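Pasting a structure below so you can have a look.
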Amino acid sequence: MRHFLTTEDWSRTELQALIDRARVLKDSPHGEALKGKSIALMFFNPSLRTRTSFDLGARQLGGHAIVLDARGQTWPVEIGDGTVMDGEPEEHAREAARVLSRYVDLIAIRCFPKFQDWASEREDPLITAYARHATVPVINMETIVHPCQELALMMALQQRLGDVRGKEFLLTWVPHPKPLNTAVANSALLIASKFGMNVRLLIPDEAYRLDERYMGAAQRFCAEAGTSLTVTTDPQAAYAGAHAVYAKSWGALPFYGRWADEAPVRAKGAGFMIDEAKMALTDGGVVSHCLPMRRNVKIADAVVDSPAFLGIEEAENRLHVQKALMERMIQER
Amino acid sequence: MRHFLTTEDWSRTELQALIDRARVLKDSPHGEALKGKSIALMFFNPSLRTRTSFDLGARQLGGHAIVLDARGQTWPVEIGDGTVMDGEPEEHAREAARVLSRYVDLIAIRCFPKFQDWASEREDPLITAYARHATVPVINMETIVHPCQELALMMALQQRLGDVRGKEFLLTWVPHPKPLNTAVANSALLIASKFGMNVRLLIPDEAYRLDERYMGAAQRFCAEAGTSLTVTTDPQAAYAGAHAVYAKSWGALPFYGRWADEAPVRAKGAGFMIDEAKMALTDGGVVSHCLPMRRNVKIADAVVDSPAFLGIEEAENRLHVQKALMERMIQER
Amino acid sequence: MRHFLTTEDWSRTELQALIDRARVLKDSPHGEALKGKSIALMFFNPSLRTRTSFDLGARQLGGHAIVLDARGQTWPVEIGDGTVMDGEPEEHAREAARVLSRYVDLIAIRCFPKFQDWASEREDPLITAYARHATVPVINMETIVHPCQELALMMALQQRLGDVRGKEFLLTWVPHPKPLNTAVANSALLIASKFGMNVRLLIPDEAYRLDERYMGAAQRFCAEAGTSLTVTTDPQAAYAGAHAVYAKSWGALPFYGRWADEAPVRAKGAGFMIDEAKMALTDGGVVSHCLPMRRNVKIADAVVDSPAFLGIEEAENRLHVQKALMERMIQER
């Protein structure tokens, strides 16, 4: 049985097949691939697009989604093995995962890190515990990576740019009042490099390098594809000739859990918002961001409201790629 | 594309057609008008009837409702144009509305005013922002008016009274421990006047006059129909010969956002609860209230539990009129 | 019209018929018994299994479940007759129940006691108010008893033990950091005695006797079946030769609402966790617990992870028995 926890476990060919199928489902949205099947959607964090697109996607394929708000409507969960459960958690993931597996055919989970201790949180402990104990496939709806967003992004890039191989992909850190999860940044690195793009990472300071797990994987994918992974703190160099710009804000990992200390380093990126001047340096580049997105903080209105922005298409694609994914995971069971 | 934000934009003929269709759907509840279609239900406030009736109604017509608790399960939303989004909101209504429009066929929103500044809140800023940016029709599930409740009320009145033209409709302010939204009161004024009833507004003090937008509209509708709109602070006069009594409590607009100052004025309405003595003054009148409703504060048990009370039918009608509405809005797209 | 508030009102033959039907539905899960029908699921407390299994079960039978989080997404409810509703509740159960009855075909409610005053809470006031005012059948999803869990447990016992008559059933109090609801303990007494088992109740102190309503009912059922109900504080005696061990923790009723005083009495049960040594005293007994369950507090890992544990099957059975129940209640209407 195979989970969809991270695209690292899936080949480019497999991922492209999902995107190709998503393109078909976009034109022909209704089907019966999930007839009589069900998926549990467990949310430990807020969601608008993910929830709507999974629920609707399951329905359009004849299936049924059950939305579980895991923050208050269900029981707090323990994941450690052998724990004496005399603390807050009333239930072990072992039981929750096994019971849900008796009811439903797929389990999807959103669980952001807690921003306390990256050394343990980089192991993605909750979703991996569910995957270990579930007897049905588990889908990642964003933890420390966001693989469904990767598929939606790549589908949108291919819709606009055609074959993306050898094209210049810029992942740029952008400002935000709070230190955020690195998930979408990690994911952007993974998918752009895996699909043969030259990848540039623009950060305000070396402290914003992403975890070595993802930097290393991107490096490997680029090496295999004969492309390059470049890290820079220079916006001019980063934007010059880019074909696609992807924006994301995140907290610097060396300051993880002690964010007050990060503030002065963060200040170096004060000018990193994407605006028309920066976009003018690109090779007529497109620009995107997963949503939600703070306007005029991460990307200026003039850019968001220009034809170069493909964030709405990317969000729409969530529906199509997730349907392709659910369909395949049900077929393979 | 047409929204259903307020009945002010819809003619009496159109509204009557919805009620007529609702009557048919009451007898024959299942259909396929929404087959393959979906509706997002966004709740910024609690709901029992609205949520249940929209969800069930969509399903009975072959469609699918997606319930979004917008207070905690989704992202806080900005509505201003050009805002530098460095505050609480993570997302702009522009993106939320556009993305939802890619997923679903209808968007319904409940968003009560915040009781801070009537001058801005009387513009109904959130739902109008969604309507401006959405590319699918938007339905009002109660903001500063409650147009679905209007249809349900008028359907119930017609079920009991037959042709309502020329009949006496009393909207009476009733006590409540808290200052409440004027939405249902505004709506009662609009629908009763539009459908040709003589409208009486009973308030404990001039401070409880409703916003001029609604007073003026009701005045206009009455003028067109050759009926009258009367405002009084005298319960005896107000109840005398009434055919329908509608109860609602609301906060006095001149004290909006500084409710402590309203208390002495509010005290003048201490005797305004609907009881048997008052009902005895009517012309065998029926009585209703949108739900929820505090018994023995707004209406005495003896009245609620009498055959004159049509609040349960009115609530049931929500299901029927909303199905008629969704059906029509889908057909018109 | 008949509700499913407690198995006390249902005969053993009727309950066995539900279990027999559940066994059929387990093998053949899809049907049309609820086609065009709907059920409202009202949760005043958290849920994972109950929510998932009712929602999915309704769907598998062609029906539609509407999940209402009654703690924040709907309005606070009054249940007293004649109350002047000037407190927190905005709505009376009388209206909520009557309106829901206009929309849906079944109403299911989860409402735990408030742990304040057992004398009133033992009357199960909220669900009985809904049952009194609803015009459709009401199903108990756990209040002060948990009758759906009873059916699931008995189905699991019969799956493992075959005919349970005359077999030894041990209900053992187990440790937990907090004083919990007696619902599942009450229910275990009721179902084991009604189905002809010899029932042993193991408690750390006489203070943990269950309410006389349930002790008396179990006594009566045992008398009718020619079996026995034994209460003991001696684990050795209790486990010796048992065929089924059922674990549950609960707060001692004499200390209800003043739990600090219960602590020293509770300490007497510190050694009551189910472990391998205790299980070795049984007659190859099976062991179970409704979920959620704290590992290594209530039951040791070695026991939970042994073949003797049937908690996962019991949880799965919730789906099957509830489908049988909904089907029957719809047929009888």
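Going in written order, the chains are labelled A, B and C, and every chain counts its residues from 1.
Here is the rule we go by: a residue touches a chain if its C-beta (ideal position, glycine included) is under 8 Å from a C-beta of that chain, and two chains touch if they have at least 3 such contacts.
For clarity, every value in this text was computed on a predicted model and none was experimentally measured.
Contact with chain A and chain B alike is made by C. Under half of the residue numbers at the interface between copies chain A and chain C are found on both sides, making the touching surfaces mostly different. Our note on geometry: chain A versus chain C, Cα centroid distance of 41 Å, whole angstroms.
Each of residues 69 in chain C touches at least two other chains. If you check the complex, the residues on chain B that touch chain C are 29-30, 43, 46-49, 51-53, 55-56, 59-60, 69, 177, 291-297, 301, 311-312, 315-316, 319.
Residues 36, 38, 40, 64, 66, 68-69, 72-75, 78, 82-87, 89-92, 94-96, 98-100, 102-104 of chain C are the ones touching chain B in the complex.
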